[in-house]
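Once you scroll down, you'll see the structures, which are given as structure tokens.
The following pair of complexes shares a single chain, chain A, combined with chain B in the former and chain C in the latter.
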Partner chain A sequence: MTRAYPLAFLSLLTYGLSIPATADTVYVTLEKDNALAVMDGTSGKLVKTIKIGKRPRGIALGKDAKQLYVAASDSNTIQVIDTASLKIVGKLPSDEDPETFALNPAGSTMYVSNEDDNRVTVIDIAQQKAIKQIPVGVEPEGIAVSLDGRWVVSTSETTNMAHWIDSRSLEIVDNTLVDPRPRYATFTADSQQLWVSSEIAGSVTVIDANTRQTVKSITFKIPGVTQEKIQPVGIKIDPQRHYAYVALGPANRVAVVDAKSLEVVDYWLVGQRVWNLEFSPDLKRLYTTNGISNDVSIVDLENRKVLKSVAVGQNPWGVAVKP
Partner chain B sequence: MTFLHYLRALLGIVKRELFRFVHQRERFVSALVRPLLWLFIFAAGFRSTLGVAIIPPYETYILYEVYITPGLVAMIQLFNGMQSSLSMVYDREMGSMRILLVSPLPRWFLLICKLLAGTLVSVLQAYAFLAVAWFYGIQAPPEGYLGLIPALLLTGLMLGSLGLLLSSFIKQLENFAGVMNFVIFPMFFLSTALYPAWKIQESSELLYRLALYNPFSQAVELIRFALYGKFASDPAIYVTIALLIFLAAAIVGYNPSKGMMQRKAGP
Partner chain C sequence: MNPLIYKLASPLVLVLTLGNLAQAAAPKKAVPPHNEPTKSVAPATEKLTIAYLAQQRENLLPQAYFLPTAADAGLQGARLAITDDNTTGAFTRQQFELKEVLLGADGDPGAAFKQLRADGYRHILVDLPTDSVTALSALPEAADALLYNVSDSADDLRGPRCAANLLHLIPSRAMRADALAQYFAKKRWKMLFLAIGTTSKDTLYAAAIKRAVPRFGLKITEEKSWNHRFDERRTPESEVPVFSQGEEYDVMVVADEDGAFGDLLSYRTWSPRPVAGTQGLVATAWHPTLEQWGAIQLQNRFREQSKRWMTEIDYAAWLAIRAIGEAASRTKSLDFSKIKEYLLNDGFALAGFKGVPLSFRRWDGQLRQPMLLAGERSLVAVAPIDGFLHPKNELDTLGYDQPETQCKTTR
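The block that comes next holds the complex of A and B.
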């Protein structure tokens, strides 16, 4: 009887070891390699790299994570990739130079920013058809859909505006002036706020979604980093709205912002020209694409530490994470 | 001569050194303030200089203060090693060394005891510094702080035996300034403590070679890897060999019939 204990203990131990931590699959678009890097987020190992369309940038997973959408800007299309086989299975008519896009909460409609044509193309994914083109400001880039499904917001880099598009009528109903060169837009999970990053101003504008008025413009200051290097791009806000994370571009830092008080609480050093961010599905990690140092930094959000930076390929741009 | 004799001598010497460490508050404070000045003032000015490359054992980009922390730990040990050599000279001048030397135990054993005692003091100083650094935000993984102990013992013994060797050459206390100029500064600045090897190589191949062969660099690298829970075998071997050479030379140096003391005692 007593002998069985060590054995039982041993088997318990090995059982414990055999349970893998949640394995994230991280997809990264490589702007210069015309490829998609697939990384195991838990181990931080590059699994494989597949060739896709030209100048891939925006990336997002479909509702059930079976399909991956990639904006191949210079191929003028949105490519559909099957996440199981990693084969390109289709394409969506995005019109010219798609850079970024957003999906509605149901995952049935896609809104694409056409940077050169100053338009937002609305695509019905099931029918693979463009159903409308909405004229917006000059050089639209950031695009966001509120989780309550009411709003689609497009930000235009040159007009310096956030255009509020009613998702039912697909018409612009309001505009909010934001700081110069808005890059990225995202709603909080409760759809109450819109956050827009402004590259040249080096700020993030927080807008009340009900009044469409600016609540606050968050600015950043990093000891030892010149102000013009602080160029905010990607923003991720946790669903509980505890913290927001802002990629600061050539400042090589991710800013941690208290999402309630809207104060910056910390800066984390990551790779060069950090561009876009994504959470792991369990919200324990954050992945950053670092465009110039050609790697992805993995941040442990529980311990608030950058764990490692993994080389993925030339000019990593966008990132999506599958559970 | 039994084992107990040896043990009693070892404990006695270690106790004396620890007492000295506890009672000389200024020495402890200065041992702590020196690396902290480097960390808070010097490193702050260069914060972002290293954000361009990933150097093992680090797995991501680090701030300069994170980089120089292991180097500053080694600096504590370097100063401590030189300081205990200074105290040997002092003991010799003041005559308290005679008390030690009348012991019937072999001299090499007494020297090793002295060395161990000094090393233990340097380990305490290093952890005190790392504790302050921890609150400053320089935090290594927990296993690193444990794995650091054997590394610090080895590097402390090596730098201490270098100090012992030097003390066998130094006749007077005043000569310690020479040790600062000709040993501490070159060893510290020509090492990987303040800048990574590849940075030195960018400016000069010769300096890079010299830095690599500098035993202090190897000590720094051993400490750096250990602090991140990794064992660096090459620096470990290098430091061990340096320790054996310095220690053997120091033992010869302190041998009254062959060593430097005899010759120095002079006419």
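The block that comes next holds the complex of A and C.
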């Protein structure tokens, strides 16, 4: 907290007075508004809402944060948005019903889940061209790329598996059974573990990336909340692997997990049906999209406190944050 | 995995051999083996055959000309689940195959069933009338098979006429009635007018409503039979107001499973009252209006395959074969006993696009599941309705709970 001041001062010097200290811009897809909300992360003020494609869900920034990618599911495309002008400047051939996607560490290749076709589409971003379609299990949804660039993992909701795709050969080389209805997958920053949330089982499966064996299935218990309401979706793990944060859907909470001991240490009450999460670039805040209360909760990670909820529009789904 | 399995070529031999093995090794309570990686580099693919046994439905009333007919209700759901299971099976080296046996109205389900058993089929979906299901489940040939009821809602089949080898994927009438009653209680529609048709199925539906009424603090203030004679059919605009006049009530509940007259009641009652039951607001396992919880994906996949909407019988058949597939991938086995044990294990959790895990009630073989309360074009509510609590599983507020079951068979 006290360290924030010199940092702020530095950045003021570097970037000029118009940019606030540790400023970040939060982009939120609004599934029902066919729009993108742009929020200032420091002040928690909604800056702008722009119309984009139909039923926007998955969202991610390009490598240099100049471009924002949004899966417009019902428009059957990934839209490319210029972050400076907020104009749609292109689209990528994602094939039908793209929901979620992931980029390789270089930001040159995109992997898209095509839920209705049981495929993962691999797109060369520069060429704007689909270079391969990989058959996976029934209803692929979660997709993750390891930072070491070795793995692409796709999780299929009805098959209940994590499919391990070799990023070089683009072939599935292994499959790990996970708990029912996997939704979201992410690697730890050291690429050693894969975490997969299972909505129906109410659990998070932690898998060793080297053996593809399950290390632990983390379950959640909240006093006064029935087990059926605990439906984990989004997961964020800090780069030091101190803590992982898990969005618990209709339980309206974010679970805090000690990312080493894999024990749940806390639950934070946020908005209704919390689905996806993102850190601020300085890792001091966590943003959560709350689909039913139509807002974004801002959590102060240092003081472990939910600071505020910001109304953003109908059915906020995905979130990306630009420094 | 048992290396023995891969050496056997014929599925018939495989099924019989595994059956013998299973009998030799007395099954202990299975702990579901979770989450071990499945190598793609596995030995040869195993195959499991599943049968769908159906009989042409008799005495169906002609539907309104604009309503789609689904002569293949159930079968299309089974076919889609086989495709889904095989997509998964490509990664687990398990293959699933469906045998369709469709009998005419005068066909003999008993003979067809015995033939399926003789051919080695042990997982048999039954889309048959109550009496046939009862008879088949009691056959000596059914002793080491599993029957999956996908279309019959009779409470008796889950009660006095239950069987250890019989699982029910389709909800019972009691589950439907409890779902509606919970909604009425929430809306404080406490007084019911019960309009009952003339068939024995209508009587059973009405009995389920009568069972639900005191459970949720409701009251039937009026009960009448609709005879559906010539005048009633021809001039509902004058017959329905007269029929519905009399005692006060909040909602008209109609028991008309064949759809003879239920649709005539809405907008014609003497007092303006909503209609629910078999028409109007219905309690169903599946409905075209369901899109939450990823259901839209199943709806889309089904429509693409079948060129029509998914019915609840399709959904029940899909669930049956998905349940078998799920048990096979979790146990890494096509062994009949292992699959059966897994299905009935407390840890079994089937994803059915309704937001909660589905599982079988050990006391009567019924799949516990949320019920959709749907109008023609709108999903009105999903039961269990918020606030109806249960010490173990809120889904058990729908239908016969363990303490009240009349099923005496242990599973």
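Everything below uses one rule, namely that the second predicted complex is superposed on the first by the 303 of 323 C-alpha atoms of A that agree within 3 Å, B and C clash if a C-alpha of one lies under 4 Å from a C-alpha of the other, contacts with A are read in each partner's own complex, and residues count from 1 in each chain.
The working rule: contacts are C-beta pairs under 8 Å (C-beta built on N, C-alpha and C of every residue); 3 or more make two chains touch, one makes a residue touch a chain.
None of these values were measured; they are calculated from a predicted model.
Within the superposed three-chain model, A:L36 lies out of touch with both chain B and chain C [touch as defined at top]. Touch criterion not met for A:L194: it reaches neither chain B nor chain C. After overlaying the two complexes on the shared chain, residue contacts for A:V296 are found with neither chain B nor chain C. Judged by the touch definition given at the top, the superposed model places A:N252 against chain B, while chain C stays out of reach. More residues of chain A are in touch with C than with the other of chain B and chain C.
Residue contacts after overlaying the shared chain place A:N118 against chain C, while chain B stays out of touching range. By the touch criterion stated above, A:G271 is placed in contact with chain B alone, chain C being left untouched. Of the two partner chains, chain B is the only one that A:K308 touches; chain C does not reach it. In the superposition on chain A, A:I165 contacts neither chain B nor chain C.
In the superposed model, A:V204 lies in contact with neither chain B nor chain C. Here chain A touches chain C in the complex through residues 115-116, 118, 135, 137-139, 156-161, 163, 172-181, 200-201, 205, 207, 211-214, 217, 226, 228, 231, 250, going by the rule given at the top. Remark: chain A residues 223-225, 252, 269-272, 293, 297, 305-309 touch chain B in the complex. The part of chain C that touches chain A in the complex is made up of residues 34-40, 84, 87-88, 90-92, 294, 297, 300-301, 304, 322, 326, 329-330, 349-351, 355-357, 394. Remark: chain B residues 44, 47-48, 51-52, 54, 59-63, 139 touch chain A in the complex.
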